[in-house]
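One structure is given below, encoded as structure tokens.
Chain lettering (A, B, C and D) follows the sequence in which the chains are written, and residue indices restart at 1 in each chain.
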Amino acid sequence: MANLQAFTSWIADYAATVTEQADYLTDLDRAIGDADHGSNMRRGMTRAAELAGAEEFTGIDTYLKKVGMILVSNVGGASGPLYGTFFLRMAGAFAEVEDAGVEEVGKGLRAGVEGILARGKAEVGDKTMYDAWAPALEAFDTAAGSGSDLAGALAAAAEAAAKGRDETEGLVARKGRASYLGERSRGHIDPGATSSTLLLESAARTLA
Amino acid sequence: MANLQAFTSWIADYAATVTEQADYLTDLDRAIGDADHGSNMRRGMTRAAELAGAEEFTGIDTYLKKVGMILVSNVGGASGPLYGTFFLRMAGAFAEVEDAGVEEVGKGLRAGVEGILARGKAEVGDKTMYDAWAPALEAFDTAAGSGSDLAGALAAAAEAAAKGRDETEGLVARKGRASYLGERSRGHIDPGATSSTLLLESAARTLA
Amino acid sequence: MKKLINDPADVVVEALRGMAAAHPDRLRVDLEHKVVYRKDPIRQGKVGLISGGGSGHEPMHGGLVGLGMLDAACAGEVFTSPVPDQMMAATKEVDGGAGVLHIVKNYTGDVMNFEMAAEMAAAEAGTEVQSVVVDDDVAVQDSLYTAGRRGVGTTVLLEKIVGAAAEEGRSLAECAELAHKVNGNGRSMGMALTSCTVPAAGKPTFDLAEDEMEVGIGIHGEPGRQRLPLAPAKDVAAMLVEPILADLDFTGDAGAIVMMNGMGGTPLIELYLMYAEVAAILEKSGVTVARCLVGNYITSLEMAGCSVTVLKADDDLVGLWDAPVNTPGLRWGV
Amino acid sequence: MKKLINDPADVVVEALRGMAAAHPDRLRVDLEHKVVYRKDPIRQGKVGLISGGGSGHEPMHGGLVGLGMLDAACAGEVFTSPVPDQMMAATKEVDGGAGVLHIVKNYTGDVMNFEMAAEMAAAEAGTEVQSVVVDDDVAVQDSLYTAGRRGVGTTVLLEKIVGAAAEEGRSLAECAELAHKVNGNGRSMGMALTSCTVPAAGKPTFDLAEDEMEVGIGIHGEPGRQRLPLAPAKDVAAMLVEPILADLDFTGDAGAIVMMNGMGGTPLIELYLMYAEVAAILEKSGVTVARCLVGNYITSLEMAGCSVTVLKADDDLVGLWDAPVNTPGLRWGV
């Protein structure tokens, strides 16, 4: 079960993670993008952890909504609206939920990913963050369906995300900046799929 | 004794020399100037050898005058007016001279160098081409005074020029582009003193 | 990384401070929102024109704010689209009652952020907002299944032409229609001799050997479509112009408006030399140059390289092109 | 060497061809003599204004030809002063009966070639020629025994101001006096982050380590007075502005005209950032900025770096500055 405190730790942990991995994420983006994904994520998550950390929240939903707003207002680029929308939509799933279990978190993730889809209109195989999210959601649901607790389901999701992320290496991008490279985008891992996997790994560490 | 034919060979020989040495002259100019002395001299002398070579001349004076005009009209920079004026003034010393001996060539060189002085107003020690010409003139006159023939006097002049050129290395420039470097101009040989020495060495090869 | 900057994190706001200091007569800069405005408030009844995007493309967009061109430009971080808050603030500020047109370059990030801003602005203040997305880069294959073509050089020409239309009092619908027309008539193609370095990243986005160039680049220091051996200007011009001419017929009566654009690190002497080559190819292809620009207008930091934009003109476009403009980056007739 | 050129030997004439193609409405280019003229013949009774110098400093001088500025610009080889034949041809062409002013930057080569041209022009056609030699670079110590200071940024401001004076009908003597005054009131200082490469030389004029800069450079890719560790923009601004302020008192009522100039390879975003620093120092020093320019005006091929020029103004100078100008590189009021 994850309460507001756990969600706060999630955001703090992820902020620390992307700060540490900023150069790596930027290097990935340098190869097939514009060399800013690391600094975008670091800027946004640092603000989110700081600003949202400084306020008192009454629920998980208002907290996540705030995180989403901060990302929308501070990141820019493709990742700002995508991650921002993810948290804004996820927030909706936690109305009046004080302690989130496997079911609520599952709903939240699904709502968030639907937000990413609504904004980005990517499909599986387009070489975007959705290539991490799609298998992750499926793995989460399968685990939850076969009785896993939140910890188990998140671990399964993170593992599936990592696999999806790794598989982006072989793909030719059809969405986002990497699509301009055509065939040359093949052979590189997608930065957004990488930061998304980190977000799920961080959730597995902190939410259960 | 040097006739028109000999003077034509001089110009041809010098054109070949600065073409061959163009990169070296430009490298010298790169260190304390603007990296164009080699291309300036090559452009000017190639034209001079070509254009003046294509015309018929009645005397050494009209030939040298033409060379001077071509240099003035094709080189630009500091070396264009300086070398141009050198040949223009030198030409004046050969009015009605068909075969130039040590005396006439001495007069010609002196007139030419006075032209360089009139244009450039350099003094010995300013780290310019004049640092090659001043000792060269003196050596020429000393040799001529003690009975040397044209070959001997030109050889002495070329040798003195080379010494003067080498001594520019220790000097701080006070004229030309290198003067902007102040103390940093020390430790580099002056490009114009180098091309001037080459001109005298070429004269020693061809005029006697 | 060799740049005239202080802390890489402060580059954008410090450059905006410099713009404010340099053009106090013409510009007003909101440093908090990072928005460049015209000095004077919008004329009631005039359509407001807003653009914006990542920084690093100067003079676009901040240097294209002024009479006869943009009313506001939102500056994102270097190569990162601005956030919706900026566009919302600008939209509110330049709403003169006739609605606001958002000029967006076709990058996923820009499109999504402008979209969010338009949604929010419509919900909040009831301002009528229309958008045009510029996608003119022929280096990118167009397809329904991809992000489509990038928005590059045509953006500059569009901002000039639609700026003139808004200035002469055309309605939001007319300005939007005109913007779509300009976008439909414009094509661009770019190349790079060197990469550039995003200040926050600290090292070049890609490496190019001394004898290589990238052809088909955009404006974000991203690698291009093809890495090729360095070629003479004449051949480079052909590589840029031919795909443009193959994509659209420019041989109309009114001719074309052409921009020979530098990527930031290429000096004017080379741009003029390139323009001579470009003009020769256009002439041979039967394309008349009605108007042209040669210089740095839409850049990619200190990247060496260039791009060519060709816009099929008609009398209306040429007339609007010639109308007075007074911005730091483009000025005539005033 | 990475450049958008064909044969290095043809760079200047091919770039001039591009200028001619780009500005057929305003310029006329004599490709044989490599002289850029205003399109229309000189107005009888107007003083003719000629400048020129090595190429590689674009837009100066060819891009500064036009109404309210130069009548002709003679283009030398890259970094090599033009030859007297060019200045003679131009002098003859722009002699409208009121005499011709030669604007010469203080380099041995430029001075000697212009001198020869003036002598020849006077002897041949009887045209009255006066000259002003610009020597404003405070990086160079001034002395009777040396070549003196280089002519750099003030040249651009001088061409604008004296151009306006000639346009409004001032006599040759008045134009020459004004030119001397502007030169006396102007000071500049420059720095480089990178060297540049002369096309004919094929390799950089000097090498700079990744953490070094050259301070006190001119505009010919020559090394500067000092090699220093790379510093933040704030400190660079101080290194440029302080020697200027130490050399002349700029705290007059009419303030100063300031140019924040790029050396060719530095993007506008950095120039604006630098200008913010420069403006702050000037303000603290009690110098009011009456007018300013930020951009690439007097460059050194693709060198990265910048220079600052400060010109002590008075009402006459500011008035002439504001007068209409219509050149490819500088345009307002028309």
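Points to keep in mind about this one:
Operating definition for what follows: a residue touches a chain if its C-beta (ideal position, glycine included) is under 8 Å from a C-beta of that chain, and two chains touch if they have at least 3 such contacts.
Note that the coordinates shown come from a computational prediction; the quantities given were computed from them, not determined experimentally.
Common partners of chain C and chain D, by the touch rule above, are absent. Of all chains, the one whose mean C-alpha position sits at the greatest distance from that of chain D is A.
In whole angstrom, the spacing between the mean C-alpha positions of chain A and chain C is 32.
Averaged C-alpha coordinates put the centre of chain A at 55 Å from the centre of chain D. Within chain C, the positions touching two or more other chains are listed as 78. Taken together, the touching pairs link the chains end to end in a line with two free ends. Interchain contacts (touch definition given at top) occur between A-C, B-D, C-D. Contact residues on chain A toward chain C in their complex (touch as defined above): 26, 30, 32-36, 38-40, 43, 72-82, 119-120, 174-177, 179-182, 184. Taken in their complex, chain C has these residues touching chain D: 2-7, 11-12, 14-19, 21-22, 55-56, 58-59, 63, 78, 193-194, 210, 213, 230, 232-234, 236, 260, 264-277, 279, 289, 292, 294, 296, 299, 301-302, 304-306, 328, 331-334.
For chain C in complex with chain A, the touching residues are 54, 76-85, 107-109, 112-113, 115-116, 137, 139-141, 143, 145-147, 150, 198, 200-201, 203, 205-206, 218, 220-223, 225.
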